[in-house]
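Chain lettering (A, B, C and D) follows the sequence in which the chains are written, and residue indices restart at 1 in each chain.
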Amino acid sequence: MNFFAPFCIPFMVGAAVMAVALVLKYVLWIWHLPRADRKLLVSGIFTVQSIKAVGEVISESLLHRRIFKVNPLLGYMHASLAFGWFLLITVGWIETIAYLGFRYVPLQGHVFFKYFATCIAEHKPVFDFLMDLLLLIVLSGVALAWGKRLYSKAMGMRRTTKHVLGDRVALSALWFIFPARLVAESLTCAIYGGGGFLTGSISSFLAEHVSGSLLAALYEPSWWFYSSMLGIFFVALPFSRYMHIFTEIPLIFLRRYQLRPREKESSYDNFEIQACSRCGICLDPCQLQSELGINDVQSVYFLRDRRYNRLKLAVANNCLMCGRCEAKCPVGINLNSLRQNSRDTMRNIPDESRYGYLASLDRSQGEGRVGYFAGCMTLLTPRTLSAMERIFAAAGEDVWWADRNGGVCCGRPLKLSGETDSAKKMMRYNKELFYKHNITTLVTSCPICLRVFRDEYALRGIEVLHHSEYILRLMRQGRLKVDAAGGRFTYHDPCELGRGCGIYDQPRAVIEAVGELLEPKHTREDSLCCGASLANTVINDAQQLRIARSMSAEFEQTGASTVVTSCPLCKKTVARGSSLPVKDLSEVVAEHLA
Amino acid sequence: MAAIDWGFSINRPRTIDIDNNNLRKSDEILREMPELQCCIGCGACTASCTAGNLTEFNFRKVHTLVRRGEYQGAYEEMNKCMLCGKCRLLCPRGINTRGVVMLIKRKLGDF
Amino acid sequence: MKHVVVIGGGIAGMQSALSLKKRGFDVTVVEKSNRLGGKLLNWHCLFPSFTPATEVTDTLKQRIADSGVEVRLNAEVVEFDRHHVVLADGERIECDAVVLCSGFTLFDARIKEEYGYGIYDNVYTSVDIEAMLNKGRVELKNGGRPRRIAFLHCVGSRDEKVCQRHCSKVCCVTGVKQAIEMKQLFPEADVFNFYMDIRMFGPGYEEMYREAQQKYNIHFVRGRISEAAPTIDGRLQLKAEDTLTGRPLKISVDMLVLLVGMRSNDDNARFAEHSGLQCAPSGFMAPADMFLSNVASGVGGIFYAGAVTAPKSVGEVLNDGAAVAEAVTGYLG
Amino acid sequence: MKRATWSEYQKDIADDKYYYARSCIRQNFFPGSEKAFLDILSKDLGKDIFDDPAHSSCTGIGYHSDIVPLETIMTVVARQFAMMTESGYENFVTSCITSFGIYTEILATWEEFPETEERTRENLYKTTGREFRKPKCLAHTSDIIFHFREDIARLAKRRLVNSGTEEPLKVVEHIGCHYAKLFPKSGIGGSEFPYVLAGMVDAWGGECVDYPERRHCCGFGFRNYLVQANRGYSVANSQKKLESMAPYHPDFIVANCPGCTMFLDKWQYTIAEMDGRTYGGNGHGIPVLTYEEMAGLVLGYDPWELGMQMHQVDVEPLLDKMGVDYDPAAKYLGRNGKFIGKPSAAVVNGCSQDFIYDIKL
């Protein structure tokens, strides 16, 4: 049996180009991994993590479990295309074996089996049925994809990604592959007979209504078309968003081996960046999109621009880094870390002389094993400071006040802007200060500081607590008593505290000890950003205010009489946007000390 | 040839010479961030400044000089800023002060 | 019917006359020039709305024409008391009350000779600019378009050196307004406003100021120009201190606009002496008190409206016109 | 020139019978000028002017340097007036702008605070036994030349024109700060548009240059010059003026103040040596003249008689332009015909630099 026909050439070329490109990319990326990452890879490969990764590949890359969670219809669309196509290939393979036994069949022989199988008289209706069913499933996915273009809301998406030209070519090819296959197979069946419930019925219809000569004339071109579509798609795949189809698989493995984006851009980032399918799920959660109509800076566009080396500073900088999109990304890409290390690449200018003025500076006061770092912003919310003072006094805690008279910034704002090396100087200064004063516990009221103390400072021997955690601990230890005076509170999760440090329950527990807690519409992992995030240096004051107003409206809808938050920046910002009084968690506690 | 010690040198003028200053970068900065022109010199930024309370750094003065085309030393001054963002919370004219710091550094540092 | 004479046919006089007429008085407006409207006739647009000044003057003139108020033009008042107004030609007009609406005098910018008004080309006053705008031709002496324009605030205001200690109130806003107008006419030009303080006291003024800064990119430099001098290419070199940076500043401009202030009329002292009225140290007429009788003089039957008592904006002057009618009614019953 | 305002500032200047008070520093730096003034007045104009050997310094430099107290200087000034009174004169003419400012200021002080005048009279009487009358007319010598500028123009042998092209010479006039900046009414033309020198230039055929830094101080500033470490400020001020006037290509600078004339002249040397910058034509400095020298040239005096060889910036290019006959060989010969010495070559006179300077920055 001959498994070659001229129409196979586009497919064969496409498949070859794709294979070479994929192998080259993956080999190069792994080759260039930082030494530490390579070590992680080697040490993880023969562990149970690899098996877990296989499971995750099936559930995510094929079944798209996480997208199902976002929206079942959207999940079905992705799964039908990915898993359906996967099954088409697998079942097609089995079909070949069923017909021909175990023998070598070239790739095009499997793919265009229907074409080459016309000489086989025997029919296995089970496969006809199966293959038609799978084709139908995939076609339904394609239909949904078309539908999504027209009406994305049905799939829970208000906005869809604006694609670049290459993506559109690949997308068009992809859309045509399966209808083309249906047509080609139906024509083949119309001439040679056979086919399942789908191709079979279409072929009988064609045989009845279309002249034989026309069918014969269309026969070869239809296979050519099908092959060409496959070829185009395969050539475009490594260079378009469809790269994600394969890239998610190594990504899942590497992530299981604990590889992550680093402070500086690294080869690993390629796996994350090219695993983005540009599904656009990150668009809707973005408040820059929903409140300000800014529609070219979201993670999907950021990753796309970075991938094609056309990232602009204005795009990299225009992000609140609130983490809402990251929490929803079906591929689990570390969007904030990637944006962070892009900023580093664009803005980090090491300067040894910078912040030389920090040397030998110490404006701290008091003595105690517990250190309190108010943070720059907290100095502008003195009620928080005095509340903390009362709480410390009530608990009988001796406190070392790190920065009540003005200290040195924790370094996170500078790091967020990409000036990583300079930020380290401030971190080093503060770290030395903490050690110098022999504290064992460091309490801060500012989630921005908290985040960097925990993630970057590596404060061995010092426990770092947010004041919400600290207050709750004091209450549970019985060192701090509050009267449950009642009152209706609602709570705003600061991005850096909630999504950033995973602290959701502690402040809630504290509030519930005082009064009733009413949750706003968006809360916990889904909470909205106040808009004043230090990560964004692009949007102006009016834009910040618009975000603040829209997110504050949710607090008013809860019926609460006070908005509580636990970040000085959020407090100031929400207070601008809301008509309700806004208090820091510590104020609420201090007001209700028993 | 004999060496003569004058005991003094000619003082350089302190005058801001708008005619001879190169205002190209200043214009670019104002074009990118027109709100900077709204500064009314209240000094709240400088009063609250974390870095300004530890050094001579005066954000208001430095950006005003930059607007007048006096770039000498401005980059180094802006580098004293810790970007902590207190000033942005205080500016009565709502100027994106952190953005200004970054913009001036970018323009004067040519990156 | 009681007869009230209104001295001055500017907007204060016209509005006062209209309000008095409405309350049933017999009103005569005495105006020394040959037409009604006063200084506002020379004005192009009013801040902060850019309303054409003619909208105010024409409307008032029309209302005066329709109201039956007697208007005496070319009639200069030499002296008056509550019962008589004596004109330059010797005529005595009998009346029951007098409303003094003689307004203000523009500061003569030539007195500040260091700014070169009347000495160098292309030094103008804010009044000249309004006249040029009215003519529809703002240009340099040589017909060219200015590339750089400077406005100087407080010329003849808040200046001990010319014995004008008071703030003329409206020049800041006018300066910002004219700067915007210049920028609209010459978008390619750089406009610099040199000010001591920016006083944006009224509704919409601060907003206009902000717009001038942000939208029109007008440069505001806090510092008074010390002197203007000609340059070799026929421009003007200005010196000032940029007080917000603590550095002297030097700049050449094509056009310098002096925002001249309002000073009190020279007549005020004579009127005061003759009629027993009080002048404030600024030379403006002092009302009986600053709050409850701010359109009354210390002398029964003599009232004030408009800028005769202090520099005022157009809106405030018109309010005075309405208020004085109330006060006169209270006096004449 | 659009300067109508000068005419608003006029003062009464006596027509004859002057008591003459000399300047301290001019006699060293421009020694011919004061003699020229006396010659012009007495010989050319036939006026009575008394050059009293008994008068003294006004101590103004000491006063402005915080060395001489006000009481003292008032008494010294009172003595000058006593000398004038004793010689039978009542029109006081001073050659120095600093002195002119001192006399004006003290007379104004006595006017405002008569008790200070009484005390001064007492002090003078106690110390010297002298009494005085206040001058009827106080004028600076430049006021006198200005007063007779038309007479001088009539007597003129030359005019301030380029003898080759007949074009008026471009003249930068510089007025000493203490001439009218203290009391605008005390100077002709006031402080903004002083006309005292410009009037002479106009009358004698020249053309004044109105350059942006026209009113700026020369930088002398007493303490700024007297303390070596401060001289950088002083020279920077002269430089500012020179930079501002240079584009107008002035043929010469004329000043009416001893300090200004000296510093505008000598700082050109300093700037040229330090920075290599010169502001006149052909890499030379701009000659700086006193108004007496200017008047003397107009009246046909010999430049070496006028003491112009004492200038730091060579005047020969100007003399050539004006068509003045002079003997180059006689430049450095004294009045007795003996060689008086010759300065080293200087950058400001178009010579190459032959020193290495150790400039402290």
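One rule holds in what follows: contacts are C-beta pairs under 8 Å (C-beta built on N, C-alpha and C of every residue); 3 or more make two chains touch, one makes a residue touch a chain.
Keep in mind it's a predicted model, so treat the numbers as computed, not measured.
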Taking each chain's centre as the mean of its CA atoms, the one lying farthest from the centre of subunit B is chain D
Here the gap between subunit B and subunit D, centre to centre from mean Cα coordinates and rounded to Å, is 44
For subunit A and subunit D, what's the span in angstrom between their mean Cα positions?
83
Where subunit A and subunit B are represented by their mean Cα positions, the distance between them in whole Å:
39
Per-residue overlap in subunit C, given as positions that touch at least 2 other chains:
none
Check: subunit B positions touching at least 2 other chains come out as 35
Chains touch one another in the pairs A-B, B-C, B-D, C-D
Show which residues of subunit B lie in contact with subunit D when the two form their complex.
1-13
Note: in the complex, subunit A contacts subunit B through residues 313, 317, 346-347, 349, 351, 354-355, 357-358, 361, 376-377, 379-380, 406-409, 411, 413-414, 417, 419, 422, 426, 532, 534, 537-542, 569, 572
Looking at the complex, which residues from subunit D come into contact with subunit B?
228-233, 235-236, 239-240, 270-271, 274-275, 354-361
Given the complex, residues on subunit B that touch subunit C span 14-19, 30, 34-35, 37-38, 40-41, 60-61, 64-65, 67-68, 70, 93
Contact set on subunit C toward subunit D in their complex:
110, 113-114, 118-120, 227, 229-232, 237
